[in-house]
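So, here's a batch of structures to check.
Next come two complexes built around chain A: one with chain B, the other with chain C.
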Partner chain A sequence: MMEQIWRLEPKIRFRRVFDEGVLIHQDRAEVMVINEVGLTFLELCDGQRSVAQIIHRMKPQYAVSENELVRDIRSFVAELADEGILLSGEAVQR
Partner chain B sequence: MSFHRLMASARERNHLVSVLLELTYQCNLKCQFCYNDLNLAGKRLTPEHYRRLLDDLVQMGTLSVSFTGGEPLIYPHFYEVASYARDKGFSITVKSNALPLNRRNAERLKREVDPWQIETSLHGACAKTHDRQTLQNGSFKRLIGNIRTLRSLGMRVKINSALTRYNEHEVEAMLALADELDCPIQFDPVITPRDNGDTGPVQLTASPAGIENMYRLTIQHAMRAAEKTRAQQEKTLTVNVVGKNASFEQSPNRDPDRNPDPKSDHGQAIQTGRRLKNCGAGSTNLAIDPFGNVYPCVQFRRLVGNLHEHSIDRIWNHAEALKAIRELAFTARDQALANGMENYCMGTAELVTGDALSIHPQAKLNDRLFKRAKKDRGKDRTFESAS
Partner chain C sequence: MSPLPARSATDFPARTTAPVNGDLCLRLAGRACRISGIPESWQAAVPAKLAEYRLPHLPAGPSANALRIQLADPGQLPRPEPQGHDLNETSSLDFQAKSVAYTSDWCSGILHLEERLGMDLICDPQGGPYFAGMLENALRLITAYDLLYRGGVLLHSAAIVKGGGATILFGHSGAGKSTASRFAMAQGCPVLSDDINALVSHNGNWRAEKLPFCGSVGDSTGAGLNYPVHRLLRLQKDRENRIAVASPAEAVSLLMGSAPFVNQDPLRRERLMDVLQTVADTGVVGRLYFSKDAHFLDLIC
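So, the complex of A and B:
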């Protein structure tokens, strides 16, 4: 997971609105709101950086331990992947 | 934060969420109630203008773009502009009479634009009524066939219907037809003068009994639909990210202005007396005509800028006319509340009465009819149309 590269599913529409992220799932007709931490992660999730690299970039911005950040981001990525919102690098290449 | 609360915040803090682009006023139909001013002239926006506009809107965090007209699919650069918008990550709505959307064009639209939704117009439950309003024989048959094609391709279609004295007696059949097509349908009882002030279309306004009947039937229909989908609507998944909640929720069908959730920003504002805006015109929305004229809303045609002169970012952040409209929206909301309403259309008010703060009689009547229908949850229907 930590070394994997992720990117948004192409059918997801994504915008920053103030400090929140809005994700629109075209196929499922769902609108999702992501908090500022999730928003920062997704803005850095460009199909180039691994999860570990993104966390490294995020860490100075948050007053939490690295372990806590890693735990929450892992859970966040797993949840988005289950929802089909994030695709792993391997899945993208297929 | 829920999506509705975020959008309420966007309205309060002036975040441009949605832009409607009128690509052309040309149309393959001649609907009797069309509001477009077909004589409007000017220097047309080019595809390059649209690309620059869409680039700016990405930077401004705009979520959605709607393409309309006239008939937007007639605009010769439609696919060039709309697919650029798709590539830029906008949620796209195409407002079309659907007549050009035969299978070949529908497949191309899905492939190149991939819209969130296609909004189309149904003017009756049968060819006789529909074609009477579009003034084109065969338009009903083509529309229904093309909606079926769009649905077979998995595309989302929403049906809009202008309620008129021609179709007010067919509401029940239109609701059934929409169900059969598996499309949501929304009726609008407000027939406005044309943008050039021509009041001819207003003659088609439905009768008060017809409007109330439409409200009753749509309330009953919505209640039946809500029962069927309640379990799905309540689907909520919550993910914790560093102690905060990121909520994923299906868009509820609740209309926040007519039926405010007491926990929502809107509902709480009502309870606490906090001032809200009447609507998102000029605060979350803009409309842009084929000549680059920028308006706060498709129905509120007060010019706030022109893209040939200034960028959208500059207009949004610096146009004095837009600032005035945002202030007006607070006053209009107070005006609505003073009249026992939650909101009203400032644009129609200005067009009909010359004053955006003067709620016109048809809006007051419609509000009264809606509340009466809502009070008894759509029951007690007795309606016979003379049309």
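So, the complex of A and C:
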């Protein structure tokens, strides 16, 4: 998963509301609140960067260990992928 | 043969601002709405509660919305299922850039999203006994979009007046809006509506305004009254009554679920989000954990 590139399902919109995010599935009219870590991940999830590259960018912003950040992001990505909110693209070759 | 001479604007009769015979002109959430084309034999089906909202004259200028009713040709519209059901549950919407197509039992229509909203509603000639429901649903749709374009929102909610302001209890059907309204009325607190209310911004201050749409409990106030909003609380059943504050993002998501019609519209959702975010910014949105007894009234000011 760490080398995978993810992109947002085109029907999804999200916006920052103070330090959280509101994510909406346009077709299903479903709304989800995401925390600041998830929001920052989505803001960096541009279809170009891998999960590892995004975490590398995020790490200086958070006073947590890299392991903790990786665990949180993996769980977040898995949940959003299950919901069809994140779509997997190609993996970045090292 | 010579062509007909072009008519100048002065050849046409002046547009009247007074309703013609049979037209209704209502004031809904601060905006006039003219309803024309009601068949004479259907006039008796117009809900009596609309009389309170009636305007004697159409305001001058392009400030009124319009609902134009026409009868369909026989067989033009599909007939509804024979068994009784809720009109709201059988309506469907198709969202376009400048219009919303609406289909429900006995009628079909298009709401034109222009500066002044105009809806053409085609009704089955046999639908007279159901005209009250058709009319109310069309007015709800018009009001939802009218409020959205004016920076407000129609909210599926009960509005309870206490302490000089309104506490808006919102949530889906069965959440407890009508139950809470009954308790409030029994204790002398007026209820604007137990089903749907307008949330209107007046110079940055949010007010709840009464509309002629109510549920099983009804209402206990006069037409078009509005009150400053004290709180907006999403109803949630629980074993004890308590209030929890919602974060702004949570507030937007909670309110989104109770903004009928417009919350399904992907083309206007950003606009709705903008409006809901301004509501959320006030910090008055939360959850009411409700044990379905009157003690919740002690928690609201």
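The definition used in the following text is that the second predicted complex is superposed on the first by the 89 of 94 C-alpha atoms of A that agree within 3 Å, B and C clash if a C-alpha of one lies under 4 Å from a C-alpha of the other, contacts with A are read in each partner's own complex, and residues count from 1 in each chain.
What we mean here is this: a residue touches a chain if its C-beta (ideal position, glycine included) is under 8 Å from a C-beta of that chain, and two chains touch if they have at least 3 such contacts.
It should be emphasised that the depicted structure is a prediction, and the values quoted were computed from it without experimental measurement.
Please determine, from the superposition on chain A, whether chain B and chain C clash or fit.
clash
Which partner does A:79 contact after superposing on A: first (chain B), second (chain C), both, neither?
The first partner, chain B, only.
Who does A:37 touch here: chain B (first), chain C (second), both, or neither?
So A:37 only meets chain B here.
Would you mind checking which one, chain B or chain C, touches more residues on chain A?
Greater contact footprint in residues on chain A: B.
For the superposed three-chain arrangement, which chain B stretch in 43-51, 241-249 or 277-285 runs into chain C?
The one stretch of chain B in steric conflict with chain C is 277-285.
On chain A, which stretch or stretches are contacted by chain B in one complex as well as by chain C in the other?
Looking at chain A, the two contact sets intersect at 11, 13, 15, 17-18, 20, 22, 24, 26, 29, 31-34.
Spell out the part of chain B that touches chain A in their complex, as residue ranges.
1-3, 6, 9-10, 13, 15, 17, 61-63, 89-91, 114, 116, 156, 237, 239-251
State the interface residues of chain A toward chain B in the complex, per the touch definition above.
11, 13-18, 20, 22, 24, 26, 28-38, 41, 62, 64, 68-69, 72-73, 75-76, 79-80, 83
Help me check something: in the complex, which residues belonging to chain A touch chain C?
It is residues 11, 13, 15, 17-18, 20-22, 24, 26-27, 29, 31-34 of chain A that touch chain C.
So in the complex, the part of chain C that touches chain A is made up of which residues?
Residue list for chain C touching chain A: 247-250, 252-253, 256-257, 263-264, 266, 269-270, 273, 277, 280.
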